[in-house]
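In this document, chain identifiers A, B and C correspond to the written order of the chains, with residue numbering beginning at 1 in each.
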Amino acid sequence: MTEITATRTENTRLQRIGAVLRDVMTRPSGAIGLTLVVLHLVLANVSPWIVPYDYKAMDSLQMLKPPSGAHWLGTDHLGRDVLTRTLMGGREALLVTGIATPIAVIWGGFVGIFFGLVGGRLDEVLMRVVDAFLSLPWILKMLVLIVTFGTGIEVLIPTLAFFYGIPVIRIARAATHDVVARDFVSAARARGHGRITIIRRELLPNVLDTLMVEGAMRWSWMLLAFSSLSFLGFGVSPPTPDWGLMIADGRGLMSFAPWGVLAPVVALSSLIIGINLTADALAKALGIDRAQKAPV
Amino acid sequence: MLRMLLRRLFLGAITVWIVSVIIFAGVEVLPGDACTAFLEREAKGKLLENCREAQGLNRPAVERYIEWASGAVRGDFGVSANGQKSISELVGNRLRNSLLLAICALGVGVPLAIFLGVVTGLRRDKPVDLFFSTAAVFAMTIPEFVSATVLILVFSVWLGWLPGIVLTSAGAPASEFFPEILLPVIVLAMVMTAHILRMVRSSVIEVMAGDYIQMAILKGVPYWRIVFRHALPNALLPAINVVALTIAWLLGGVVVIEVVFNYPGLGRMMIDAISDRDLPVVQAIALIVATVYVGVNLTADLMTMFLNPRLRTHALRGS
Amino acid sequence: MSALIDIRDVSVGFTGRDGRTREVLRNIDLTVAPGESVGLVGESGSGKSTLAFAAMGYLKRGLRLLGGSAAFNGNDMFARSRQELERIRGGQLALIPQNSGQSLTPTLRIGAQLGEALRLHSALPVGQHGARVIELLSQVRLPDPEGIVARFPHELSGGQQQRVAIAMALAGDPVALLLDEPTTGLDVTTQAHILELLRDIAAERSMAMVYVSHDLGAIARVCDRVVVMYAGEVVLEGPTRQVLRAPAHPYAQGLLASIPRLDDATLPVALDGRPPAPGEAGAGCAFADRCALVQDKCRATRPPLAAVESGERVRCFFADEARRDRGRRKGAAPVRYSRDSAMLTLDDLSISYARPRLIDQLLGRSSDLLPTVDDISITIGKGETLGLVGESGSGKSTILKTIAGLLPPAGGTVAVGDHPLPRLVEQRDPNQLRQIQLIFQNPDDSLNPRHTVADILEQPLKLYYGLSSTDLRARSVQVLERVRLGAHYLDRLPSQLSGGEKQRVAIARAFAADPEIVLCDEVTSALDVSVQAAVLDLLNDLKATQGTTYVFVSHDLAVVRALSDRVAVLYQGRLCEIGQTDHVFGGVSHPYTEVLLGAVLEPDPDTAPTLTADDVVERAPPAQGCPFQRRCPRKVGTICETDTPPWQRNGGDHAIRCHIAREDLA
């Protein structure tokens, strides 16, 4: 009997998740976006085994060669295979942001929901601190820490997770305010449920949709930040292949070797666009207006 | 109304104060200070002591914070760590250049975004809408350094129409930045337009589906009159806040673009200062940018409140 | 006499997610003669508003015309150009919308909006527009029209907004008015005033009216002819008196029987089942599944809309039987309690919404705001049902929230039995929490959309009884059966239920705790009348079997009458009158109760409301004296403004708070 209960109720939930996924896939933006994202994830995982060359193998005879049968996407200024480096150039970015995004959404989400429910003076103070953090440019916050502590993933992941969790607080808090005003929360309070139960049972399931869309957005912003840092020379250190770094390296030579820039440009753009298209479709499927959100 | 205004100003001031504490505390907590940065390898023993003595770094943090903050209020941010130059002077030109870039981008982006946002919102799901909405997703998601790189490749390298890099020095008069400033302006305007367009579009769609628009149709109000008199004043109100956030982002987050185009603005100065570990300069820039952010948002809030009759009544009645 | 509005064989539909076309209106014929007033009646989803909009050649986004034509004054509204439609709409044919608060443009002043209507639809020179606007506002009996012109819509009360909408419709000198639920959501007195205004204006200008409403009382007051709609079809059409007195269609009859009456102490009769969703009606009669007279023939073929001898047109094979069937159906008598011990006591309760401001706290100033609710002392017996009535803003829901502990009282106590309750839920012990359960107005808001019915019912069971998961489901099934729902509902989400089913689940959740006291906050106002009757019947049953004490809040006097043993009348958060239901609703009453009772509209064309007081909306109670002093039609003099009136009792428990002597109040 117990198990039947669990499965039946679970079924209703699974049905909803299934319906949302189907809805996402039936929208052109969702289908294209999800395909791009899945493709990137698969490539990032299998690329070390399928790339034609060693990513750090230099060849002084093959520098800045245009695309050919041997090097489909040409070579860079050190004679390294551009295809190989492009295929592997997203691994670091996906690893770092893939870990940092869930952490950011979870901590920001919980803080936001909690203060949204509790409210009062404490909440006012917290919001001023959140505002203060948001008023500082992200790149400044990140760079100061990176310059001090180094660019390893053990620095990047907590740094990104911390700073990108702050705007999530705001979103989660606003979403919580909308839910708290509804009678089912009053009903739960009137029955005598504690705060933790109310958060877990009443608020979280209703805020989760917003947080999921927010998570997708944070992921794309984080990728943007990560590759910008690499581009500026504060991210991944050579010779590890990274799109941002490859674009920075190839930029000076792009008048006669544009392939060295275009390959990572296409790769990075397609991933970020894929995430955003998916987020758009997901938001529409869940009935959330993503466009109402500001760029911060 | 006055009470509301004062309350908002007070909250804004509190936010700036918290920012200043975060900035100061942040720099305190991090290992190293202006002297270790300036002396680099020799930063040890007597030399370091003397430097700290000279800079007043041995005094308690609270005392130094008060001195720094009260200086900042007067516009005096002290001197930079390496050059021993007045930070206010260093920052002045850079701030002007960043503002120039921002104003040009806003001048192009805001009218364009509102126009396209309204058009796509009114022609929802039609080809025009699909085209610009898709373009907007591309424009806002592709990293700025990527779009900048592509634009330089096309317009500067291949076509040779526009200069791909800024060579004018920081102190040159504003007019000398043309036409070098055009490509950075285009890149910035593109991203900005995309954000505002999406916002305006969804706001227009929401308003056009409202009861009072249906009522206006059934009152026999002509279509364009509905759009301009009944719909747009309501649909554009929320755009004010997004424009404000975009301005704030322009002033702070354009670091990458300034680096790509070698543009002598605040952002590039910040990167240089961070690389050189010139902490007084970093602190000054951070505080300036944060203050502008708070100020612009405050202005937007007050404008919305003033232009929206509902909020205005609310404010007049007192919280 | 040629028809002014001539709708022929109109069908409207939308494309469902499965790609099928689903009809919202099916082959509608409707004509309205100049000066005639026709009522369109039906429950939500019957297509009545869609039909009214179709008469203007307008369909909401997603709907499309599948066939037929809608002519106004000889113009086919679906075939005309946009310019021609713009000229007719708001000119000769004007709409008065349901929710004027949202139908007036929020950023334009009232004067500008009325001026626009004049500019578009009148021949007056622009110079005279200002004067004409004032004139129009006076015609709809708005006080201080010069002041209103400069206001924004949100600065007006609901009744004032509705009057502005009427003025706007009159600006184009229309020959026909379409009214889409124009008084829904307004207080009873405001509603009655607006209806009288509409009646007078229509008569004065001999305008035709199409009046869309679910409220047969309003229809009875305004319309010559009634069209009853069901599942997108016209099922009955005829003169108002005949339709309301001897309905020839089983649905119309069921609908009438489900309306609670002030002059009838029995419970209304519920209409079981629910109408088919658009496109699901099947080949036979759409009402077949809910009809008591159904035969095989009804399920096989769709009955035509046929004229009967008495002059109506009926879509039923058994119109005569339907008419004869009337009178056989009689509502159950409500369970009455015999008073013994006190269950719930409110002692000198006062509640204040205003939170002290920080600056006042710092300066040690006390807030000068009056409490929202004040001086409430009521004792409710075990098993008794107390009805709390009053207009919006009377504080009735606020009192329930305080009893439930969601809102702390500013003063006074709430006690269950002999034990005073802690002020807030967080301070109450589990048994105190279990004893009192609350049911909310709108189940869409009170049921978590992410929880299945099983999740919803398990919460109180786990919290109060600590049931293990093995027993939970079995117990949930029992709890559901109590509200007459089957076990298969357990795994559904609220979005998969109808409005009535949702409210039953909310009721089941409250009763899962086996509470002694159930607080009902407007529990039927979001429901259609036939569903409302079923919910009232259910609450009555539960009271009989569980011996529950109810505090029943409603703005609808007839609903309160059907269920309550005693009634308390509130105005501006202060008690005016309290006593047994029969005493309050008949004989001697407080002037405010009299005003309320006078404004009630019965679904009977031979009754008329008596309007004695203005329908002004007051924002705050007066600082001293009688709360009703500013609107009272029987105000004695300055004593009403200075002294709190004394309670006058009849020896029993009927008490009225008024300066007028009890003998003179009759």
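Convention: a residue touches a chain if its C-beta (ideal position, glycine included) is under 8 Å from a C-beta of that chain, and two chains touch if they have at least 3 such contacts.
Bear in mind that the values here come from a model prediction, so they are computed numbers and not experimental data.
Asks: Out of A-B and A-C, which chain pair has the most contact pairs?
Replies: A-B
Asks: Please find which chain has its CA centre nearest to the centre of all protein CA atoms in view.
Replies: Per-chain C-alpha centroids compared to the overall one single out C.
Asks: Determine the centre-to-centre distance between chain B and chain C, using the mean Cα coordinates as centres, and give it in whole Å.
Replies: Using C-alpha averages as centres, the distance is 51 Å.
Asks: Measuring centre to centre with CA averages, how many angstrom lie between chain A and chain B?
Replies: Computed value for the inter-centroid distance: 23 Å.
Asks: Roughly how many whole angstrom separate the Cα centroids of chain A and chain C?
Replies: The separation of the two C-alpha centroids amounts to 48 Å.
Asks: Which positions of chain A touch chain C when the two form their complex?
Replies: Where chain A meets chain C, its residues are 1-2, 4-6, 8-9, 11-12, 16, 182-184, 186-193, 201-202, 205-206.
Asks: Quick one: in the complex, what on chain A touches chain B?
Replies: Residues of chain A touching chain B: 29, 128-129, 131-140, 143-145, 147-148, 220, 224, 227-228, 231-232, 244, 247-248, 251, 254-255, 258, 261, 265, 268-269, 272-273, 275-277, 280, 289, 291-292, 294-296.
Asks: Can you list the residues on chain C that touch chain A in the complex?
Replies: 401, 404-406, 425, 428, 430, 433, 436-438, 440-442, 445-452, 454-455, 459-460, 463, 469-470, 472-474, 490-493, 509, 513
Asks: Looking at the complex, which residues from chain B come into contact with chain A?
Replies: 11, 14-16, 18-19, 22-23, 26, 30-32, 137-138, 140-146, 149-150, 152-153, 157, 195, 198-199, 201-203, 206, 238, 241-242, 245-246, 248-249, 252-253, 255-256, 259, 267, 270-271, 274-275, 277, 282, 285-286, 289-291, 293-294
Asks: Of all residues in chain C, which touch chain B in the complex?
Replies: 53, 56, 58, 60-61, 82, 85-91, 94-95, 97, 99, 102-108, 116-117, 120-121, 152, 154-155, 168, 172, 357
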